[in-house]
Amino acid sequence: MTKLSDRKDLHIGSKFIIKEELVKHGIAALPIIIVLLASLIIGLRVPNFLTARNVINILEQSSAIGLMAIGLSFVFIVGGMDISIAANMGLSGIVGAVLMRIGLPPALACVVMILAGTLIGMINGFAVAYLGMIPFVVTLSMMYVAAGASVYLTEATSISGLPEIFVNTIMMRIWKIPLPVIVVVIFSITATKFMRSSYLGRWVYAVGTNIKAAEIAGIPVRGVKFWAYALAGSFAGLTAILNTARLASASATMGTSVIVLDVASSAVVGGVSMYGGVGTPLGAVIGALLITLISNSMNMIGVSYYLTLVVKGFVIIAFIGFDYWIRRGNE
Amino acid sequence: MRKNRIKIFTGLLIFVLVFVACTTAAAETFGADETVSEEPTAKSEITIGLSWNRKDLQLIEAWEDYMALHAKALEDEKGVTINWVINVADGDVTRQASNIEDLISQGVDVIIARAEDGAAICASYNAAKEAGIPFITFDREAQGCTVDAHVGADSFNQAVSAGEAFADLLEANGVKGKCIELLGDLRDQNAVNRSEGWAKVEAERGAWETVLQVPTEYNPDIFISGTKNGFASNPDVNCMFIVTDAGWGLVQNALDEIGKLAKTGEEGHIWIASQDVDIPGYQGLMEGYMDVSTSYDAYYHALEVVKAAYTLAMGESLENNIILVPGRVVTSENVRDTTDLWARDYGDYQE
Amino acid sequence: MKNTNILINRLLKYGLYFALLIIIVFFAYIAPSFITANNFIDMLHTLAPNLIMISGLAFVVLTGAIDFSVGSIAFLAASIGTYLMVVQKVPLIITLSVIVLSAMIAGFLNGIIVEVIKVNPLITTFGTMLAYRGLGYMIGGAKYTPIPESLAQLHNVKIGFLYMDTAVAILIVVILYLIQYRTVFGRHLMAVGNDRENARKLGVKTSSISIRAFVISGFFAGFGSIFYMIQGGYMTPRMGQGLEFTGIAIVVIGGISLFGGEGSILGLLTGIFTFYIVENGLQHIGVSPYIYPFLRGGIIFLAMYADSLKTKFHSLRKVRT
Amino acid sequence: MNNSHFKLSMQNIVKEFPGVKALDKVNFEIEQGKIMALIGANGAGKSTLMNILGGIHQQDTGEILINGKIITIKDPLDASKKGIAFVHQELTALSKLRIMDNMLINDYPTKLGLIDDSEAKVICKKILKRIGSDLAPEDLMEDIGPGDQQMIEIARALVHKPKLILFDEPTSSLSKKEKDNLFKVIKKLREDGVAVVYITHLLDEIYGLCDEVMVMRNGRVVSSGLIDEFPKDRIICDLSGEDGRKKNVTKKSFIVKDDVVLVVEDLNRSGILHDINLSLNKGEVLGIWGLMGSGRTELVRALVGLDPIESGTIYSICDGHKKQIAPHDLRQLVGLVTEDRRNEGLFQPMTVAINLSIANLKAFLGKSGVFIDRKKEKNEVEKTIKKLNIVVSSQSQQVRTLSGGNQQKVILGRWLQRNPELFFLDEPIKGIDVNAKAEVKNIIHELTISGKSILIISSEIEELLGFCDRYLVMNRGSITAEFPHTATKEQLMEASLSAREKGIMQ
């Protein structure tokens, strides 16, 4: 534990000062500036990049990862880890889709998806908070179980032919802005507000910063942990709704394990520390935007897929390293 | 504090420069200017958007090259320039949806997509339709919607034809087959079709019975362990159906290690039917260890899809919008004189 | 008090073996062919390359870090290797050493990023996981390249009743075990994993230790990739895919705690054995293929749960007395 | 230099940290065969000085001489090469490794590259014997108690056969027995011609142990000389810069009428707590006195459910009727200050404001019932800061940048805001400077006046004297004696000691 907490100090310390500033400005400024600058410069080089369509495109593409990143940010801030979030999303989506196919009204199916996600989140939360299992281990194995269940339920075929109304409503555009984007914006802002200025949010930060002290200070530590995971689960469920609607189908391939790492790096890029106690959901979403931006710009430029992998990998690392460099500068 | 601001700012610049440098370098080395399209005004130039679901197979490389090849030919013939915009979804359904959206926003004239998920691709198709861009599914069919065109191998019938040939072979040699079937990735509709085609012939002809199915998920060590365990649990097995002969090398070693590896006509030969005539399969056929496989004719797939893409891009319509390239049955006898096998062009075949 | 602690520990420790035994008996009961010596020898044969690939990973985990990039390193190294020996026709010995060397460099890069640039290991190795795979493709394309006969023929060389690669894998595990428990480096490794800050205070060069761990991880990834190719006879484009998670799962099932500083390299054997025995057993009893992943997941979950009980028990004991 | 007469001196050492001048022209000298007590309040600079010797920091100016030769100390390893060993206050244990690993982590005996365990065992056994410890080198560190772990720290220091050993409050986690043993060891080291620097807060310890004293304050040496010239009260006033005794707060009125608010019956936790029975009255300060390891801290932790209990019942009495209450629920009613301020009290990286309000957030909720009304919070925090005069630059200062005293006040302030009826204070004045001590005790005093009930633990017996309404003496996990407020130091001491014998007889 010492090991973690020490590195945590090293992480949070000045970061927290930054946070205090950002709390005033309300966002994780760094990634957003980079997003803007980068997209500007790429925009100059590549036609069709800064077109309204593509911008909306990027927003829409980042919405799924963004939502999951919000969920994951709760877990990160409480000092945990959730590898299963993508698999969870896949499974919830499949459950919902199956139910829609057998004639459950879409509205209910959506509720079920969220519930399913939450339930899996709760199992994680229970194992971590009350059984004292290691988060990474719990969620890693949960990932296997969920992914396995997905294959089993779908017999590996994809479930399509979902009700038109479901797809259309979710993918509805309001003044050209896709509903998912709006949803993400709303959730990221409310979640951030909730984390920063509700007492529950404070508790989450406190537990993530120093769990012992939190316990002494009379905070229901276990409950806080539990609900952080549950919340992450419900966001996975929410994402499931978006994805099933976007693909007008659900399949076991929806929650491939690579996505998790995308989500995790979004959160971290967005300034959410894996060691707990630092960062905001909004930051995580902006991180997701940055990650999406990388793939999208690569596509627009027409870089070969192989090189895209290389660039993406190193850009993520470069960003985190650079972020750390600045924080160290602050100390 | 000011000091920090400056530091942040400089750092920011550095980072963005790095970022852009990467992309720029990328763009230069990989000919961004060719691939990036202008808005299609004159039809003297068309841009084809190509969305791969993944790119970790040589076959896909082959497809891509053949497409370019045929496109060139077409350019000379019709006097148009054909640009390509290509992206890869890395086996992730949602990312493929995103990628195709990217293609749409780049305003390509036609989209070719190898679907990661047959059902999910429909959403992308609808998006393309809204934008008025013709949409072709390649190799993997869309489920639940009819796209503007589909070009691909007929994975079901391919399996059937291989099965038929295999049945003939067994009957000719008076063998009653007991077979192990190595399945593919069950999330891959093609793999499932192949298995079903195989099952169909088994039911109709009764030339063999499948005693064990092993899902390999295309995972190499399962090709090996699956084979070995199969023979361990059923010693009297005398034939195998391998979902794709890309895995033949593994099976070959496995057989070798349990002393079951023998060429056709030799004592204790295991009768092998497979699909694709991939590089290892080509080798297997040439060496006479494998008996039957149906060629997966990348060359013709590419030819057909480019033709279709061109026609649709030109705003004309196809007379037949489902183009299935029949696989050619390749046996250890006729393999040498079968033409246009991509495995021959791409493999480093070693006698 | 202390004795009961130890007792409970033992129980938890051997719980996994017990579970393993039950699984084996179960499969043996359903499918007699499962319990044959040949089957086990073959299983050991198939799992050997992966075992070699992740044996180094165990060291990284012991320092309390994580390495997702093992699979990609293996792939990158192998791509370079095949390019050299197949396309350039470079002599085998040189090629093999290049493979191993490049893998070590890749690992070293991970270490540098983690320890010098101070990027969280998880993110670092995720990034490099993508990057290395990309590089691999750029070098070798994505083809099934047959490797030279001189190398390929080694695939069914046997040492005693074991296949060569199995023997090598076991040898490696034993050597690593010696390194872990009988060398200063090994002890420092455990120290770093156990409590990085205190280790530093005691004058252990923590950074260099964990960098070396990453290098070792890279080394064995590369080394394993050679046996992987030998076994398949081909360089396959999907080499090492999915190893980022399965690798860690195996290590954890082997009782090596993700908090670091706890567990023995020998655990790797149990871990990978559990992992493969399920796969193998299911193949023997031939159930509906679709349920494989689910069962596999379930087993992994149970195994990991057992491990966590152990860790939890330790933390319980830390309640101040 | 082994045969020569070892003599180390530091001259005009200056060390600045951002903002503070930690050391200002400090001169320091020690020679072999001497034990020097280094005394000073927190932030007086004694640790910094020793850290420079230990190679953890480097001085800005000034030089270090060994036997007249100027030397530089690059890092801890370098220090130990030069014969300087450092026994840190906080344990640097590697819990999952064996004792021998903890001792020899940098000096394993090897045979052809492989560690020679048997040889290592022999070495460790020898050293452990020398400090009179019978621990087995192959035991796991996490299986031995904190006291033993402290002993291992010392054993580790001896591996290099040092000429100079720095002890930084080594007794903070030792039981009486271990402490005596440690002193024996130190004296023996002196005979072996080792020089010892002994940093401590507990003045009692230095008499009879040390030969010389050096008192520091605010980065300067106030006074130094032979121990005989330093009676306790002189040291105290040197420490505090004024006459410390005046500061020593004593209660004016003592309550005797019992108006019970908390009753504990037959509390048990095997091996740690035995049949604890106690009651706490309204507005009283109940002092729990006991030697290290007597179970006083464990008692408090058990009461509030931080440690498990096997049997026993707790009743809380509010306005007349008595109802049973579970430890976890009790925690919600108690203002709890634990011994380990750094790890269990504070959210180090967070702001003072957050640290102050964390326990009481629900009081600041706006109409929504979920969100915090920042204005309300700010005012409340401001009030508390004023009331306890916590020295901070702003509410959003990181709490970890505060001095020990102020940190302690923050924790107390947290509970003052929550304003519970009961306070359990474990070592509330440990390791904070004299003035802060006085202030904290004043706060406690005011609490009792406003009718709060306080259960206080302190290892510094004088601090309790004249401050508590009642005393309970604990030993070996059971309460062995009770005294009224008139109790004298001798009585308490005597009780705890005789209790010890009784304990042994049981």
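Here the chain labels run A, B, C and D in written order, and each chain numbers its own residues starting at 1.
By our rule, a residue touches a chain if its C-beta (ideal position, glycine included) is under 8 Å from a C-beta of that chain, and two chains touch if they have at least 3 such contacts.
What you see is a predicted model, and the numbers here were worked out from it, not measured in a lab.
S.K.: Where centres are the averaged C-alpha coordinates, which chain has the largest centre distance to chain C?
M.R.: D
S.K.: Let me have the rounded angstrom distance from the C-alpha centre of chain A over to the C-alpha centre of chain C, please.
M.R.: The separation of the two C-alpha centroids amounts to 29 Å.
S.K.: Distance from the CA centroid of chain B to that of chain C, rounded to the nearest Å?
M.R.: 31
S.K.: Quick check: how many Å separate the C-alpha centres of chain C and chain D?
M.R.: The answer is 45 Å.
S.K.: Send over the residues of chain B in touch with two or more other chains.
M.R.: 55, 186
S.K.: Residues of chain D touching 2+ other chains?
M.R.: In chain D, nothing touches at least two other chains.
S.K.: Two or more other chains in contact with one residue: find those residues in chain C.
M.R.: Residue numbers touching two or more other chains: 137, 195, 198, 242, 290, 292.
S.K.: State which pairs of chains touch, listing all of them.
M.R.: A-B, A-C, A-D, B-C, C-D
S.K.: Chain A touches which residues of chain C in the complex?
M.R.: 64, 68, 113, 117-120, 122-124, 126-135, 137-138, 195-198, 242, 244-245, 248-249, 252, 257-260, 290-298, 300-301, 304-305, 307-308, 311-312, 315-316
S.K.: Provide the residue numbers of chain A that touch chain B in the complex, in ascending order.
M.R.: 30, 33-34, 37-38, 41-42, 45-48, 51, 53-54, 57, 60-61, 64, 151, 155-161, 167, 243, 246-249, 251-254, 256, 258-259, 292, 295-309, 311, 314-315, 318-319, 322, 325-326, 329-330
S.K.: Chain A touches which residues of chain B in the complex?
M.R.: Touching chain A: residues 4, 7-8, 11-12, 14-16, 18-20, 22-24, 26-27, 29-32, 34-36, 38, 52, 55, 85-88, 90-95, 97-99, 101-107, 116-120, 122-123, 126, 143-144, 185-187, 189, 192 of chain B.
S.K.: Please give the residue numbers of chain D that touch chain A in the complex, ascending.
M.R.: The touching residues are 306, 331-332, 336, 338, 343-351, 354, 358-359, 361-362, 364-365, 370-372, 374, 396, 398, 400, 414, 418.
S.K.: How about chain A: which of its residues touch chain D in the complex?
M.R.: Listed in rising order, the residues are 5, 8-9, 12-13, 16-17, 20, 193-194, 197-200, 202-203, 205-206, 209-210, 212-219, 277.
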